[in-house]
Amino acid sequence: MITLLAGFTGSGESLLNRSPWAENLPERVDRLIRTGRMAEAIIVMPDAFTRYGGSQYLNSSATGRYEDHLVREVVPWIDRRYRTIPEPRARAIAGKSSGGYGALVQAMRHPDVWGLVACHSGDMYFPYCYLPDFPKCLDVLAGHGGSVERFLRAWRRMPGRSESSLFPAINTIAMASCYSPNPRTRVGFDLPFDLRTGELRPAVWRRWLAWDPVQMVERYRRNLRRLRFVYLDCGTRDEYHLHYGARMVAARLRRLGVRCIFEEFPDGHANIQYRYDRSFELLSRAFARR
Amino acid sequence: MITLLAGFTGSGESLLNRSPWAENLPERVDRLIRTGRMAEAIIVMPDAFTRYGGSQYLNSSATGRYEDHLVREVVPWIDRRYRTIPEPRARAIAGKSSGGYGALVQAMRHPDVWGLVACHSGDMYFPYCYLPDFPKCLDVLAGHGGSVERFLRAWRRMPGRSESSLFPAINTIAMASCYSPNPRTRVGFDLPFDLRTGELRPAVWRRWLAWDPVQMVERYRRNLRRLRFVYLDCGTRDEYHLHYGARMVAARLRRLGVRCIFEEFPDGHANIQYRYDRSFELLSRAFARR
Amino acid sequence: MITLLAGFTGSGESLLNRSPWAENLPERVDRLIRTGRMAEAIIVMPDAFTRYGGSQYLNSSATGRYEDHLVREVVPWIDRRYRTIPEPRARAIAGKSSGGYGALVQAMRHPDVWGLVACHSGDMYFPYCYLPDFPKCLDVLAGHGGSVERFLRAWRRMPGRSESSLFPAINTIAMASCYSPNPRTRVGFDLPFDLRTGELRPAVWRRWLAWDPVQMVERYRRNLRRLRFVYLDCGTRDEYHLHYGARMVAARLRRLGVRCIFEEFPDGHANIQYRYDRSFELLSRAFARR
Amino acid sequence: MITLLAGFTGSGESLLNRSPWAENLPERVDRLIRTGRMAEAIIVMPDAFTRYGGSQYLNSSATGRYEDHLVREVVPWIDRRYRTIPEPRARAIAGKSSGGYGALVQAMRHPDVWGLVACHSGDMYFPYCYLPDFPKCLDVLAGHGGSVERFLRAWRRMPGRSESSLFPAINTIAMASCYSPNPRTRVGFDLPFDLRTGELRPAVWRRWLAWDPVQMVERYRRNLRRLRFVYLDCGTRDEYHLHYGARMVAARLRRLGVRCIFEEFPDGHANIQYRYDRSFELLSRAFARR
C-alpha cells in the first residue's frame, strides 16, 4: 500500500486529471507495473483539501484534523476494505511538494503506521520557502484594508481564484491555518507578522518553525531510525528553493544515523511527476526486502 | 444537444478535471440546470487532441480529419445513441479559445448540422494572435539547429512538455499543422516563415489567413445568416489580444446582416469558465424559442 | 569623423552617462585609441530626441526635420568648426538600435555625405519588431478612453515616464510620429491601426513598411553600392527579434552586390556597447584604406 | 549644505546622468531654487562606489573606510573650500535607496556632524529586503561551482555586468562586503549562509542585523534625539518591500521620543527622484528655522 498525498491546492481526485502529453497517476502506475519496474500495489489517494487550499496533512483547529483523518480513519478503513498487509513494513507514504512535506512529517510522527516514506520536493526550511512571501502577502492584504477577512471575502467572490499575484497571500494564509491555528481569533489562525508594520511576530514564527522538517528531524530522530526506507529528492532549480531545505534535512539525517537515499535532479518544482517512477520503483524493492 | 469543444492542449475528457475552488464542467451544468438557468441538455465533449496539442477542429493531412470526425462521425453517432432532436435548430456548438474558434468555424461551414453557436475568446485576427509568436518560435527552433524535426524530437523527450518558453514554438507548429498542412514535406506541414532569415512566406501566410474568422465571415455570410443563434464574447484583457479579433468579427457580422450577440467582459484569457453560465443560459433560451 | 546616433529615448549627451562597471563613450574611444585599435577621430554625437522619445533621424511634420538637421546643419557645422576631411570617404555614421536604424537609413539616402556605415542591432523587419506591440499599445490606450491625446496628457503628468508597461504605447506612438506623420490630424500622425477594433490600416501600415530597411535596400541599391564600408550586426537573442531583420537585409545586400560585413553575436539588445570596439576598429581601418 | 548619497551601483557623478523626460539632479535643484521652493544650498555628491557596487557608506576591511571618508575627509574638505556654515545645524545628509540607508545611519552615528537627515526608501528590515535574495544568490553561485571567487571572476569578464538574474548575487555579495567583512577570508567577507546547504549562519546574520536601522534605532536613540530634523518616506509598492521597514523605524522613533516626519507615497522603488522636491523643501525650511 502506497498512500500518495497531493500537493497544495490538489486532492486525491486531482491526481486523476488529464494533462496533455502526460500520464495521470493511474496510467503511470499501470505502466510501471506492466514494465516490471514495480510490483502491484494498493495506491491510496486521500483528500485533505481545505477552504484555503490544503492542510499540510496536520491537525488544525482552523480547518480540521487531517493528521488524525489519515492515521485513524483512512488507514484503518483501507485495511478493512482491501487486501492489505496491515503493518508498517507494508505501508509507504509518499508525495510531492506539500504532499512530500506531509509524507515526511507523517512518517516522523507515526512510525507505527508508516514504515516507508518518499518525499519529493517537500516544503522545508521555512525561512527560504515561506518567509519571502510574507511581504508580498502583506501587500495583497493592504489592498483590502489590511484585513484577512476582507481579503478572503473578496477572494471567494473571484471567478478564477488562481491569479498568480494572489498566490503569496493564499499560500501564507493556508500555512498559517496549518502551523499557527488559534481558535481565539476571528479568522481562526495567527499570521506570523504584524498586519500594520509587517514585523515578524517571533512567537508565531517559532510555532511555524517547530513544523519545519529541518528542525523536526532532530526531535523525531528515534522515530526516523525505525523507518524501513526513507527517500528524499529535490530539483536543483526548485523555484521555492526547496533544494536547500532538502540538503539540510539530508545532512541532519546522516548525522543522526538515519539511513536515507537523497537525490537531486536538474529540474524545477513543476512537471516532475516522472520522479514517481524513481520512488515507486525503490519503494517496491524496499517492500520486497526481508 | 450542446457540443463543447476543448481549447488547445485540451480534450473532451480534460473538461472533467478537478481544479481547486472551481466546478468542473458537469458540476457547472448540473448547477445551471438545478437552479433553472438552463434546461436539461445532452452535452457532447469530443476529443480532437493531436500530437501537437490540437486540431482546431479542421481536416488536415498532417494530423487527421477532425472536421469530418465531428460532423460525420460524432454527431450521427450521438443521434443514434441518445434521445436527440436530430436537427440544426436543436444542435449548438460552443467552446473557449481554440474551442471557440472551432465552434465558430464549424457553424460557418455546416449550418446544416449546427444551428446555434457560442464562441468564447476564440482565436481570431491572426496578425495579432499568432504572428507575434513567429520570431519566438524561430528562436526556439534555432536552439535545435533551426530544424522542426530536431526540435520535436527533443521536445518529445522532455518530461514536462509544458515549459512556457516553448509554447510559442509548439503553438506555431500546431497551427501550421492545421492551417498549412503539406503532405509533400517531411514534417507534413509548411511553416509560414523562412527558417533561416525568419521572413514571412506570403503564400503560406495567406493559407493561414484564409482560416482567420475575420476573413472567413465575409465568405460564409450566407451560411451565417441561416444560423438561429450566434454568440461571441471576449475578455478585454485577453493576453492573446483576441478582443480585437472579436470586435472585427462582430463588426463584420453586423455589416453583413447576421444577428449576433457580442459581449466583452473585464477579464483575461484564463479562468473564464464562468462565461459558460452566460452562453449556456442563452443557448437554452434559444433552443426553446419557436 | 564618426557621427554616433543614440538609440530611442537617448540623445548625444546621454552617451556621456555613467553606469556602474562600464565605460561611457568617451572612455571607450580613449581606450581604443590608446591601445592602438583605432586612430584618432572626431566623434560627433547629435541630439535628435523628440517629445515622444526619438526621431529615427527622419524628417517629420509631427516632430521636426531631423534628417535635414543631420545632413544640412550638423555636418556642415562640424566641417566648419573642426579639422575634418569634408568628404564621404572620411565620414562614418554609426549607431545602435534606433541609432543603428538611423545610421543605415542615412547612409542609404545620403551617400554623398556618408561613405561608411555601422549599424548595430538596428530596427528592421517591422512585422516582427513593431507589429507585436500594436495590440499592447491598443490595450494601454483603451485605459485612456482609446484616445492618444488623453493618454499622452496622462503620461506627461507621470513622475517616472519610463514604466515598462507603457513602453509599447510610447514606442508605437513615437514610430508613428516618424513613419506616418499627418499634419491634418490633431495629434499630427496616423496610427497604423483602427483605434476601436484594432484592425491594421493597410494604407498607413504600408507607409511604415516603406521605411523598413528590409524594403528600402532594394530601392536604394545604387546608393548602397557607392558606400565605401557597410557593417551590420545583431545579437542572436535580440529581445525585439532584430536578428531576423538583420539577416534579411544582409541577404538582400549580398544579392544586390553590395559589399557588407555582417556579424551575429550571442547576446541580446541591451548592454552591447562593447560592439563599438568592433565597429570602430573596422571603421578606422576602412578610413585608412586608399 | 546637503550631502546627497547615491543608491547602490550609483556614484555622485551618476546623479548628473541624463534620462529621457526627466531632470537630472542639478536641474531639479535649480528649478526648486528658481521657483522659491528651497533656498540656495551647497549640494555635495560624494562617490562611495566599490568593486561590488556600493559601500552603504560604512567602513569595511573588504572595500574601504567610506564612513570615515565622508565624515573625516569630505566634510572637512568642503568646509575648507566652500562658504559653509560648519555646524551640524547647517548640514543635512540625504539619499534614496542605499543612499537613504547611508543618510539615516550617518545621522544616527554622527549627530556632531549632521543635524538633519532625509531618508527616501532606505534599506531596512533586512529579513524582508535582503533575506529573500539569499537562495537566489546561492542558485547563481551554484552555477559557478558554489564559489564566490569563481563567480566574481566570471562576472568581471561579462560585457554587461548588469543582467537582472545576477542582481541577487551581486547585491548579497556587496552587502556582505559592508555588513560582514572578514579580513581572514580570501574574498574578504563572510556570506550569511552556508555555501553548500544554504543554511543561515546565525553569527554572520546577526552581524548584518546589527546594521539594520530597525535594530539600530534603539541603540542610537540618544543621538537621534539630538537631530534637528528627521525625514523618512517610502513608496507603498516598493519592490524591495522597504515600506514595512520604514513603518517599523517610524514606529520606534515615535516610541523613543524622536521627532520625525514619516510619509508614504503610492509608488514603487524606481523613478522616484521627484521625492527630493519634498525633502529638499522641508530641509530648506528646517535650515531656516532658529
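The first chain written gets the first letter, and so on, giving A, B, C and D; residue counts start at 1 in each chain.
To be clear about the criterion, contacts are C-beta pairs under 8 Å (C-beta built on N, C-alpha and C of every residue); 3 or more make two chains touch, one makes a residue touch a chain.
Quick caveat, the model's predicted, so the values are computed rather than measured.
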State the chain with the largest centre-to-centre distance from chain D, centres being mean CA positions. B
Does the chain C and chain D pair touch with the same residues on each side or with different residues, judged by whether over half of the numbers are shared? same
Dist(centroid_CA(chain B), centroid_CA(chain D)) in Å evaluates to 54
How many angstrom lie between the centres of chain C and chain D, each centre taken as the mean Cα position? 37
Chain A to chain D, mean C-alpha position gap in Å, rounds to 40
For chain C, give me the residues that contact two or more of the other chains. none
Touch graph across the chains, line, ring, star, complete or other? ring
Following the definition at the start, I'd like every touching pair of chains, please. A-B, A-D, B-C, C-D
Interface residues, chain C side, partner chain B - complex: 125, 127-128, 131-132, 134-136, 138-139, 142, 196-200, 214, 236-237, 241, 243-244, 247-248, 251
Chain D touches which residues of chain C in the complex? 9-11, 13-14, 16-22, 49, 53, 159-163, 267, 270-274
